[in-house]
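First comes the structure, then the notes that go with it.
Chain naming follows the written order as A, B and C, and within any one chain the residues start at number 1.
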Amino acid sequence: MSDAVTTAQIADEMYNLVKEYSGKKRFKSSDLTKEIIGKHGDKVNKKDCKAALRELMDSGRCVYGYAGGSFIALPGEEGAAKSQ
Amino acid sequence: MATQPSAPRKTDIGPPHYEQFLHPVIKKNYGQWKYHDYLKPGVMVHVAESGDKIYSVRVGSPRLISVDVIRMFADLADKYCDGYLRFTSRNNVELMTDKEKNIDPLIKDIQAQGYPVGGTGNSISNIIHTQGWVHCHSAATDVSGLVKATMDELYEYFVDMKLPYKLKLAAACCLNMCGAVHCSDIAILGIHRRPPKIKDEQVSRVCEIPTTVSSCPTAAIRPTTVEGKQTVKVDDDRCMFCANCYTVCPAMPIADALNDGISLWVGGKVSNARSEPMFTKLAVPFLPNNPPRWPEVTDAIKKIVEAYAGDAHNYERLGEWIERIGWPKFFDMTGFEFTKYHIDDFRHAAETFARSAQIKF
Amino acid sequence: MANHKLRKTPLLDDLQKGPWPSFVKDMKQIAVRKPMVNDLLGQLELSYKERVGHWKHGGLVGVIGYGGGVIGRYSDAPEQFPDVAHFHTIRVNQPSGWFYTSQALRDLCDIWEAHGSGMTNMHGSTGDCVFLGTTSEELEPIFAKLTEKDWDLGGSGSDVRTPSCCNGMARCEYACYDTMDVCYNITMEYQDELHRPAFPYKWKFKFSGCPNDCVASIARSDLSVIGTWRDDIRIDQAAVKAYADAGMDIRADVTRKCPTACMRYDGKEIHVNNKQCNRCMHCINAMPKALRPGKDTGATILIGGKAPIIEGALLSSVLVPFMKMDKADDYQEFKDLMERIWDFWDDHGVNRERIGECIERVGLGNFLEAIEVDPKPEHVKHPRTNPYIFYEEYFEDDGTDA
């Protein structure tokens, strides 16, 4: 089990993806899940990713946004209030 | 941003269990009801196998109501109904009591508060509707006002049961139709008629361009560059004003005071009774936004209701009546002009063309 | 009483007249103590004057950990109407069948009076109790007070939307399964899917107890559960006679309106050929004291209903002609089916594509195969008329004689 991927590790990797692409791409939950499974292959499954997402969102490091569909973003200024 | 509260947060507890909200007579006879009857407009009795009875008094509501109005209904429930009440799928309020003697005083109190009792059986029930200008970003009209103006005109049909059968109206302020008007007897639908205006300087900042491009059902949107900034352009000829792009990209507003308005649709139903569920079909492609009373819209609706009331058979829904008499007769009776806009030209349109020589002259 | 100057609303004032209850009158009364409603009226009056809306959407608002239940809303004229600059919606998951006690409603009113505009929708289109208008700072306090009183938020965004149901067995003799219990059970089962959006787009459940479909599940939900029965319509011939004696024209209004011509009235009694009955409900609706659904009850499961956005409106289509909806089994058959469907949608759905559109794109036959449901004649109005068949296999000549 030495190479097992922990929930915390998946959450960190998801956070890093959101941070890296902030302002460029809006990740949906399923996008992040696909990225993680793409990276780790059989070592992670959808359930692990679901648990990691919940940990990530509960921690407040990321928040949900909405633009015709739900996406995951860094907490910040309320975009729509300032834009337009 | 919100701060973390000190007490441990409760999450994912779901709604309260329904059982605690059921009148004792309802709880006792749950799943054991035998039949129901209308005692008069707005008053139903449900009779259980046990012989127990529960009386329901149905009250029309604007749906958009303040806490004061909710508290008023709570007071009435305490006074007459042991504190129990419910709301219907059409946003009526139902006050329920097992005491027949409570019905008339309850109705008197409801009416004294300015609320109508009715909406049962062969009536026009409450109009289900959406947010409109009161609270929605994509609204082409204000449905709260439209509904108020329409129900003022159709009031007699709410408080009485004099129609051939039930008649259900719905209003939605744009094609998103959170009020699912696509299957009502009469549907009032807010429409946009002008392609979105693109705020080029904002698009790349507030929108994902690939998502915006792929949001268009007719592939009318393409990426482009304006003054060095990435943005999108719209092929106006292919735009059918669905506003899906605006939903995903707020920098493409589509609302337009000069061109937004109302379309009217008829003949839908969700019930399986007699005929299968049906979509509404276009009756009037455009009527102007004319607040606060929208007289052109309410006049057209009254024409439809009166034609139906005068000609339909018992138990015939509006759509069933039109199918029996035929669409040419419907346009003849209502006086609505039939235009090229009435002929479908989106997906599967050809399925709606008449393909027989069966024509009434 | 008011510290703020009440807005003048000459156009809206006209809607205070007339017999139907007036939302304007209601709002004007509450605007005296609620500056938010005062500015809401002001902005609405501007919309009536200019004939255009003044709201903006989107943003990152919600309670911690949830992606559903709060809708961001902002005025596009905040200088003019500062008290509605931020005016977010909160969806509170309604109880099954929209039954309440006066006390429960007062609890909700007290929370909303303290932390928001005091205006509501009872109820929203999907079924939630909707609180209209508050600021981001109030969201966590509202959520804490709601959960303290055992209320939770409903869905929004790309998640399971708040399921809703008709009043079913609580107050209707037509109910063919326990809609309120199924609705509650499914809502509780899928709390995570309801609060943390992870789907390609929204997913709506609606539960109707009989084919009258009072919650419009066939038109308004991705997954429609409509009560039905497999055995015979129950007939009380004495009650039939009572209807006739009371002057009902049973032939004109009941038997001749039967769409399958499966029933007749001989002047004394009604006879039904139940094998031909398609469970439309007309005769039962017309004579509720004399006719009732049978006793072998359950539901027809249909899939894919939706309004026009994006590819056009769809009614749900048959997925499982009959499912028992077994309470003793905790509705496991239904839940197993959901898991298979969502697995498929997760793999094949694209952004903002409802399941009905997804099925149209991949083909109903392929979809059924993927979720392990056998194709049946009940799935279609009629078999295909075009010969463009995607045959998936053919024989190779292996050189041996037949």
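FYI, a contact is a pair of C-beta atoms (placed from the backbone, for glycine too) under 8 Å apart; a residue touches a chain by one contact, two chains touch by 3 or more.
What you are looking at is a predicted structure, and each value in this text was computed from that prediction instead of being measured.
With chain centres defined as mean CA positions, report which chain is farthest from chain B.
Looking at centroid distances, A is the chain farthest away.
Using only alpha carbons, which chain's centroid is the nearest to the whole structure's centroid?
Closest chain centre to the overall C-alpha centroid: C.
Cα centroid separation between chain A and chain C, in whole Å?
30
Could you put a whole-Å number on the gap between the CA centroids of chain A and chain B?
37
I'd like to verify one number: the distance from the centre of chain B to the centre of chain C, where each centre is the average of its C-alpha atoms, in whole angstrom.
About 12 Å separates the centre of chain B from that of chain C.
Hunt down the residues of chain A that sit against at least two other chains at once, touch-wise.
60, 67-69, 75, 79-80, 84
Hunt down the residues of chain B that sit against at least two other chains at once, touch-wise.
1, 4, 206, 211, 215, 244, 247-248, 250
Send over the residues of chain C in touch with two or more other chains.
56-58, 64-66, 136, 192, 351-352
Inside the complex, what are the residues of chain A that reach chain B?
25-26, 60, 67-69, 75, 79-80, 83-84
Please give the residue numbers of chain A that touch chain C in the complex, ascending.
28-30, 33, 46, 50, 53-54, 57-58, 60, 63-70, 73, 75-76, 78-81, 84
Would you tell me which residues of chain B are touching chain A in their complex?
Of all residues in chain B, those touching chain A are 1, 4, 199, 202, 205-208, 211, 215, 244, 247-251.
Report the residues of chain C in contact with chain A in the complex, numbered from low to high.
It comes out as residues 56-62, 64-68, 71-72, 74, 76, 85-86, 136, 156-159, 192, 196-201, 346, 351-352.
Over in the complex, which chain B residues touch chain C? Could you list them?
Residues 1-5, 7, 9-18, 20-22, 26, 30-31, 33-37, 46, 54, 56, 60-71, 73-75, 77-78, 83-89, 91, 93, 96, 114-116, 128, 130-140, 142, 144-145, 148-149, 151-152, 155, 158, 175-180, 182-183, 206, 211, 214-215, 217, 242, 244, 247-248, 250, 255-257, 260, 268, 270-275, 277, 279, 289, 291-293, 314-315, 346-348.
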